[in-house]
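The structures considered in this document are given below.
Each of the next two complexes has chain A plus one other chain: chain B in the first, chain C in the second.
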Partner chain A sequence: MLENLVALQQADSTFPSGSFAFSNGIEGLAALGERIGGEGFGGEGLSRAIEVVLRHRWAGSDRVALILSHRAGNDIDRLAAIDAAIEAATIAEPMRTGSRRNGAALLATHSRLGTPGAEDLRQAVRDRRLLGHLPIVQGTLWRALGLGEGAVAQIAGYQAAAGCVTAAIRLGIVGAIEAQRILTALLPILAEVAGRPLPESDPGEEDEIVLTAFTPLIEIAAARHARADLRLFAN
Partner chain B sequence: MTSVTTTSPAMPPARSPARASAARIGIGGPVGSGKTALIERLIPVLTERGIDLAVVTNDLVTKEDAERLRRSGLIDPARVSAVEAGACPHTVIREDPTLNIAAGDELEAAFPGLELLIFESGGDNLASTFSLDLVDWWIFVIDVAGGDDIPRKRGPGVLRCDLLVVNKTDLAPHVGIDLPAMLAEASAVRGGKAMIATNARSGDGIAAVADAICRAVLFAP
Partner chain C sequence: MDAATTHSGLPIDAKPLPDEPGAGTARRSEARLSFVRGGGTTVLSRQVVPYPFHITRPFRLYPHRPDIATLYLQSASGGLYRDDRLVLDVRAGRGANAHVTTQSATVVHHTGAFPARQSTRLAVASDAFLTLHPDPMILFPGAALALDTRIVLEEGARAIVSEGFAHHDPLGQGRPFSGVELTMRIETADGRRLVTERSRLDGEGFAGSASPLGHHAAYGAMAILAAPEILPDLGDLQALADDRDCLCGISPLPNGAGLGARFLAGGGGALAAGMEAVFGGAFAALSGTPLARRRK
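Up next is the complex of A and B:
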């Protein structure tokens, strides 16, 4: 019971993590939709975009880095290798910067809470030994709080999807009820990708770090967004 | 959600955070009340007093306030950071101030002698208040042109700030405001807590605001 409550606490949007300020491409997609014309970017487009994010970015990149970080524990050198792989696999600069800033914000909370390992992680970021991408911070600290790989993947995946719909509400793309309808329809997809096995290497060997992502439209939208004079979100 | 391990299952007991050395203050208030103008006036006064400072702004949809300060010539542009508020100016200073905290930490790491960090909220409404996780002390700025009924509305920002600044005093006669009555009402609703009337355009009252900051968080006499 306590473990589940810890998971709920970490998943709760009231847990200070900085995530509310990142649309992760949704604001850029909305602007691109207006520019392209037609019906613009509405609920249907949002639903498709989040599915693309989950299947083609989160599942093969953020989720893999998250689980590998969970397995790495407090091994800073190993975390640095995973961190560098995220940096290399995240082509759009606003997404890279966003992931690092979001990681720093989450780390700020855990450091002040005294979560085991948080201060070491923060010092490693300060010393430039780590970049501090969000999945690294999540995987390491949520493990320190006793959460297993499955729970960690569920929380991070849920936050990735819920973060997009929350941003969409604030952008006026969908209403709060419609947003939940969209999220409900996405949950089976999230359950499928979050539950994909990530085979472990033989004992004594480190898992190979292979991150894959392909979301070109969202990345173009995010890159345009980064140059926009008017924007509500960090990316 | 069942996939959890059984080791160290709970959050550890809270402990005092390792606080950085610079004092952190907030400046909030409605749109157009003069928050950025106040900071522009405060920077030279505080710098003259030898205070090493930096600023974090929370513009709502642009980086206008950050850019205005960077281009002002009053402060090294590298000492001004902009944090996006994700359409939630309340959240970024209260419910989830972590991006501001992280921006402050970065400035402290970049400028080790930093003594004062000023967080400027995006323009907001009277319910805007700063979390004491983010700042040690905070100012709320209202202006006479916003109406003399603002203190009467008893918004949390007006009531709970450490220092209320009533700005644009020069406009009082032009907008039909009885300034002494407005100040008396503001003081009454605040139970006599600190309040200063300013005209950020001319500089009136700015030294008194700087004095209040120095006394409150920099332990100046």
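Up next is the complex of A and C:
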């Protein structure tokens, strides 16, 4: 029971995770308008974009780093290796800096709340032993709060999807009811990718941290958005 | 340099073969090219070019820059077939300026259950400039392709490396390719990892309603690797692709490696045009001379 309640608290939109500042490419997609086909970016485009994020980025990259971090516990050297792998694998700078900044915001909140391990992780970031990408912070601290791998994957995946619809609402792309319809339709996809098994890896093996992602349209949108004069979100 | 063309306008180096599952035969082949600087120019000091690889002689396309060698690389076999495992190893020695390109796009035929694999190893020495800018791969229905590119850079090395693919169904029946897997690793000569990118897309994901390419049928990527002070302006490069109906986004690569560009287009012709335009802009910035027109 307690684990479920902790999970709800961490997933709650009122928890100051810092994610409100990031659209993760949604604002950029909207700005592309008719260049991405059809009549521009609306509810259907949003639904497709989130499915792409879940299937083609989160499932093979963020989720993998998250679970590996959860398994690493407080091993800073291991976390640093996973963190470096995220940095090297995130080609689009807006996504890379977004992950680092969102990780820093979440870490700062947990540090102030006194979450076990948060201050040690924050000190490691200050000491430049690692950059503190979001999946590292999530996996490490949510484990410290007693959440298992499955719960951690569900919360992070849900936040990845919910963050996109929240950004879309703030941008006026969809209303609150349509946003929830979109999210509801995506939940089975999220359940499927979040539940995929991740085999144990051998930290001694070269290149054993395999992060796979392929979201070129969203990355192009985010890269172009980074050069926009006026924008609501950081990425 | 005559070549057939697809209906999208992209030249290809072969007519479609019957696309029965598993057409063709598996090959293991490794080509090695070494460029070195000598006598004020760049020469091909070593070449091992087994079938199906084929190269031209190095061309001197820059009268005022005789140090730049341009070499065309092509497949003598009409494309890639099932279970092919080809390796291309290109080295640019200190101070060499080598530009490797292709005459036309390479077709990847139906591979059945055995993907065609091409590994590319590039080593760029200090003060050398190496470019590898092939035309996009053309993925026929049922084609599965794995490209693995590894780039090792010494201090002060410059490089531009591109890759891309376009889906093409000669019969227009909407049959997708089987899958594509792209891996690119960029590291320093002392083993420091700068970029490790792994991408995978199967035909179902490409043809479905939620494709990561959106409604586009062609994708490309380009790594522009150099010290920050000589990198071109992002916006200027991006505009070059925009002018050619090719959607492009460029941003700084991780760990200060340089710039990474993504391209999407409706077909191989627009993709190649957009990538060529951006390549030209990047080439001019990194070499200090405008890109010469290369006959294809």
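In the analysis below, the second predicted complex is superposed on the first by the 223 of 235 C-alpha atoms of A that agree within 3 Å, B and C clash if a C-alpha of one lies under 4 Å from a C-alpha of the other, contacts with A are read in each partner's own complex, and residues count from 1 in each chain.
Quick note on the criterion: a contact is a pair of C-beta atoms (placed from the backbone, for glycine too) under 8 Å apart; a residue touches a chain by one contact, two chains touch by 3 or more.
From a predicted model like this one, the values you see are computed outputs, not experimental measurements.
Enquirer: Of the two partner chains, chain B (first) and chain C (second), which one does A:Ala213 touch, if any: first, second, both, or neither?
Expert: In the superposition, A:Ala213 contacts chain C only.
Enquirer: Quick one: is A:Gly60 in contact with chain B, with chain C, with both, or with neither? Answer first, second, both or neither.
Expert: second
Enquirer: Applying the document's definition of touch, where does A:Val52 land relative to chain B and chain C: first, second, both, or neither?
Expert: second
Enquirer: Once the structures are superposed on A, label A:Ala222 by its partner contacts, choosing first (chain B), second (chain C), both or neither.
Expert: A:Ala222 contacts chain C only, not chain B.
Enquirer: Using the superposition on chain A described above, determine whether A:Ala85 touches chain B (first), chain C (second), both, or neither.
Expert: After superposition on chain A, A:Ala85 lies in contact with chain C alone.
Enquirer: Which partner chains sit in contact with A:Ala176 here, chain B, chain C, both or neither? Use first/second/both/neither.
Expert: Touch status of A:Ala176: no partner.
Enquirer: Which partner does A:Pro94 contact after superposing on A: first (chain B), second (chain C), both, neither?
Expert: In the superposition, A:Pro94 contacts chain C only.
Enquirer: In the overlay, answer first, second, both or neither for which of chain B and chain C A:Thr115 touches.
Expert: Touch partner of A:Thr115: chain B, not chain C.
Enquirer: On chain A, what residues does chain B touch that chain C touches as well?
Expert: none
Enquirer: In the complex formed with chain B, which residues of chain A make contact?
Expert: So the residues of chain A touching chain B come out as 2-4, 6-9, 14, 16-18, 20-23, 101, 104-109, 111-116, 119, 126, 144-151, 154, 167, 170-171, 229-234.
Enquirer: Which residues of chain C touch chain A once you look at their complex with the stated criterion?
Expert: Per the stated touch rule, the residues are 182, 193-201, 205, 209-216, 219, 221, 234-235, 238, 247-255, 260, 262-264.
Enquirer: Which stretch or stretches of chain B touch chain A in the complex?
Expert: 1-15, 17-18, 60-62, 83-88, 91-92, 95-99, 101-102, 105-106, 109, 133
Enquirer: For the complex, give me every residue of chain A touching chain C.
Expert: 32, 35-38, 47-48, 51-52, 55-56, 60, 84-85, 87-94, 96, 207, 210-224, 226-227
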